[in-house]
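Note that chain A is present in both complexes that follow, paired respectively with chain B and with chain C.
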Partner chain A sequence: MFKILKYSFFDLTRSRWLYIYGAFYFLLTISLLWLGGGLSKAIISLMNIILVLVPLIATMFGVMYYYNSREFAELLLAQPIRRNHIFFGQYLGVACSLAISLLLGVGVPFVLYGIFSSTEIWNFSVLLLVGLFLSFIFSAIAFFIALRNENRIKGFGLAILVWLFFAVIYDGLFLLALSLFSDYPLESFAIGASLFNPIDLSRILILLKLDISALMGYTGAVIQNFMGTLLGMACSLGVLLLWVVLPALGIRWVAARKDF
Partner chain B sequence: MIAIENLQKSFGKQKVLKGINLEFKRPGITAILGPNGSGKTTLIKSILGMALPDKGCIRFQGEDISGSWAYRRQIDYLPQIARFPENLAVKELLRMIQDLRGGQPDAERLIGLFALQPYLDSRLAALSGGTRQKVNIVLAMMYDSPVLILDEPTSGLDPVAMLHLKELLRQEKEKGKHILITTHIMSFVEEMADEVVFLLEGRIHFQGGLQELKEKYDATSLERAIARILREGELGFSSNGHGEKAAKLVLKAL
Partner chain C sequence: MRKTIILSALLLATLAIRAATVTVCPGCECNTIGQAITTANAGDEILIKSGLYQEGNILIDKALRLKGEGWPVIDGENETEIFTVIASGVAIEGLVVRNVGTSYLEDRAGIRMRRVKDFTIRNNRLENTFFGIYLEHCTDGLVTDNIIEGEAVHEMSSGNAIHLWYCKRMLVENNQVRGHRDGIYFEFVDDSRVRYNISEDNLRYGLHFMFSNDDDYFQNAFRRNGAGVAVMFSRNIDMWENHFEFNWGRASYGLLLKEIYDAEIRNNVFLENTIGIYVEGSTRIRYQYNEFNHNGWAIKMSGGCLDNEVNANNFLHNTFDLSLNSAPNNNSFDGNYWTDYNGYDLGRDGIGDVPYHPVKLFNYIVNRTPEAMVLLRSLFVDLLNFSEKVSPVLTPANVADNAPSMQKLNFQKIN
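Right, the complex of A and B next:
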């Protein structure tokens, strides 16, 4: 599996798009840091961008890479290699290269700005950690969808729809539910509902770390109560991990039963 | 070497293989023939474990292949469509397959034979279709495995490369290998094959030597014999309509 990972990774490091992706973060972070004024402001602005863009790019990259390497996967399937290893290797290759682009694109400017001598280092670490998680989660979902759908257009459409659901529609439904049932105590519902969306969960994790959960009102206070503790933090990280593992198991399940 | 028992496979509602019984015992070149959509590629992919059978069993050297992967070490496969990671150079692709499979392949001789030296450092995306097919052939044949499966090996090759391929296949045959080839080029079959398996509508219609085929269908050439089989098939399958359509299509193509 590591051999496949290695080659997928090398293959991707030569793709222009990966560099464009990294360079975009680099320029964005530099302008936010030096023109926007201050570390904490830059972290909040970056959070809003990362929460939307990382899932979108991971989804598109995952689907595109799978379909582009479809025939090559056939060649690999005829080699004495386990099926699972081929697709896991490819998935990890995509996820790792996206993660490294993000890490370098965002990380280098922060290091140059002097994050290590700042008190914001933990907030920044949570931001990066969440970005990495989202890269792994959404490329796994994308691989799963692409494996299940032979038809490229259908696969692409479905993957984008899943992204749209988690990034936009879910929040809308969530808000609608909150305002419809505003007469009832909804705190535990709010916590539960945010666990089911990796993007929301990531947002809450960062906001809690930034100590601006007061902006979220009473519910924010309850969430702070739950997730602000070590247990809550561990819980949310565990759920994020689960969000990586579940689609990865899905990849394994489909790969074992699919005809090529 | 390879034994197939009652192999059945459907894709959705379409039954592609309807109970194939086949055994490749003697070494030599076996041509798998049949019109488009008759199940040739599915049969090959089932042997390689790429398509999973609905029913039936495939044994490789006496062992059931379902769920296992190590037996593929003994098979070299040339896929129908040659597409590789676009950003890799030819040299890196060769090294990669070598790295994945292990062992000591003999790529140098084949690279020389197909005059691929000038392309070794080119990215695969920049190669023409024929050159890709040559790379594909080098990849498939650089190992010395006892079984060689080639799916449409002749597509896109120029006459010189075709001659080299035939020569190569003769050498491999002399080594006592089992070679399975699918192709639509009848002259290639007549020149190379020891045995013919004819698939029609997911069933085996004929298995035997070339001469036997010609005699059985009282034909002077392979093309005529196949036209006869298809006409027979047309009569036999006319009740469901599909056979007729397939047979007519192929007759046109011939």
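Right, the complex of A and C next:
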């Protein structure tokens, strides 16, 4: 598996899209830091971008890479290698290279700006950690979708739809539910519902670190009591991890049964 | 008022020249302050040398001048009130007053003035006094250069640092107060002035006005209090050049206005408060030249606020600029600078050509269902706000800045 991972990874490092992706983050972060002024402001602006863009790019990249390397996968399938290893290797190759682009693109400007000697280091670490998780989660989902669908157009469409669902539609339904049932106590519902969407969960994790919780009144207090503690933090990171593991298990399940 | 203070100071000074001095020190013939007060005559000075005096319930019933040398410590041992003054023309300076002790039955104080006038409390340090300085039914007094530090933990079992009740023409300046329930408390206090003070880390309010009219406070700093300043049921209060900072918490605000009329709020800075100004039922208030920077809500107004003029302020990077819970209102919001404004200025006169609507749709939603705040900064909410901005349906269309400034306003020039 490691060999295939390595192969996928180096294959991707030859692709210019990855560099463009990394360079985009690099330029964006630099301009936010030096033109926008201030670490905490840059972190908030980056949060908005990372929460939308990382899932989108990870989804697109995952689907694209799977379809493009399909012939190679078929070639590998003829060899005495376990199916799991082939697809996990490819998935991890994509996810790792995306994660490294993000890490370098965002991390290097912050280090140059002097994040290590600042009090914002924890907020920044949460932002970066969340970005990495999102890369892994959404490329796994993308691989799962691509494996299920032979038809490329269908696969692409479905992947975009999934992204759209988590990024926009879910929040819309969430808000609708909140306003429909506003006569009931909804704090636990709000926490529960945000656990089911990795993007929402990531956003709340960062916002809590940035102390927006004071704006949220009673709901904020409940959320802070749940997620602000060490246990809550571990719990929400656990849920994010689960969001990586579940699609990965899906990949394994589909790969084992799929007729190529 | 200033004239009377100067006059009284002169009067005191002339008295002091003729007056005798009684010296108190731990090794002296006269080794307690109580004893010194009994022997002294009105107009005398009592010089207290450095040392520890474990005394309480010291009653000052004649016009004396108590002066500490080398910070003598008067310790009430958490049992009693320390100074009770019932004579006019008293001056207390240079003392360390400590350990009054909490009482649930009476409002004990470090220094209490009762029905007196023309007094000075200057340059003292009060530590762990339940109520620091307590003035009741006083006129023409000066409280200046004191440092008052408390160890308040609960609102119920703590007092105020400087407490004024039924007073007139008082001047409270240059004090530092922290760790009490309210930093400075005014109830039924008229024609008084609060300036150059620093009020920090108090449980409830940095400065609190109740039923007080015709007062002003300026150039004070209020930091990290439960709420910065609360002005309630008062008229004609002038507030200018104050700093309201870091009042951050679930029920915190920089400035609370409740049932007040005819106030001026000018040139203040509101930095990083959960709510910059929280306004309830207040009428004819002018907000000018203020800076609202990085607050959760810059201004939150509830129903029944009429004829407020919010003009020529800077609204910088607030999560919400304005929140209103009633649709019709006749308040004016013209001529401000808003960082969220992105209109254009074809005429190049520095005034944007499209009105700015400071109330966003999400704001409206959060007012109705507070739990929706969980969705703050999500893409969906941004999309909602954008579509509402293009064609307002739910947000009040008449709440608008019709002449938003294109540039951050420079208040030095305006003044």
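Everything that follows uses one rule, which is that the second predicted complex is superposed on the first by the 259 of 260 C-alpha atoms of A that agree within 3 Å, B and C clash if a C-alpha of one lies under 4 Å from a C-alpha of the other, contacts with A are read in each partner's own complex, and residues count from 1 in each chain.
Operating definition for what follows: contacts are C-beta pairs under 8 Å (C-beta built on N, C-alpha and C of every residue); 3 or more make two chains touch, one makes a residue touch a chain.
Source: prediction; values computed, not measured.
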*Clash or fit: what happens to chain B and chain C when chain A is overlaid?*
fit
*asked:* Between chain B and chain C, whom does A:178 touch in the aligned arrangement: first, second, both, or neither?
replied: second
*Have a look at where A:129 lands relative to chain B and chain C in the superposition and call it first, second, both or neither.*
neither
*Could you tell me if A:259 is touching chain B, chain C, both of them or neither one (first, second, both, neither)?*
first
*Check the contacts made with chain A and report whether chain B or chain C touches more of its residues.*
C
*In the overlay, answer first, second, both or neither for which of chain B and chain C A:47 touches.*
second
*Can A:239 be said to touch chain B (first), chain C (second), both, or neither?*
neither
*asked:* Quick check on the superposed pair: does A:76 touch chain B, chain C, both, or neither? Answer first, second, both or neither.
replied: first
*In the superposed arrangement, which partner chain does A:221 touch: chain B (first), chain C (second), both, or neither?*
second
_Can you report the vertex angle at chain A, computed from the C-alpha centres of the three chains with chain B and chain C as the arms, to the nearest 10 degrees?_
180
*Where chain B and chain C come nearest after superposition, their Cα distance in Å*: 36
*Kindly list the residues of chain A that each of chain B and chain C touches, one partner per complex.*
none
*chain C partner contacts - residues on chain A that touch it in the complex*: 41, 44, 47-48, 51-52, 167-169, 171-172, 174-175, 178-179, 182, 186-187, 189-190, 194, 199-200, 203-204, 207, 211-212, 214-221, 223
*What does chain A use to touch chain B in their complex?*
3-4, 7-8, 10-12, 14-15, 68-72, 74-83, 257, 259-260
_For a test of understanding, state which residues of chain C touch chain A in their complex under the given definition._
248-250, 252, 274, 296-297, 317, 319, 365, 368-383
*Once bound in the complex, which stretches of chain B touch chain A?*
9, 11, 45, 48-52, 69-73, 75, 77, 79, 81-88, 92, 96-97, 99-101, 139
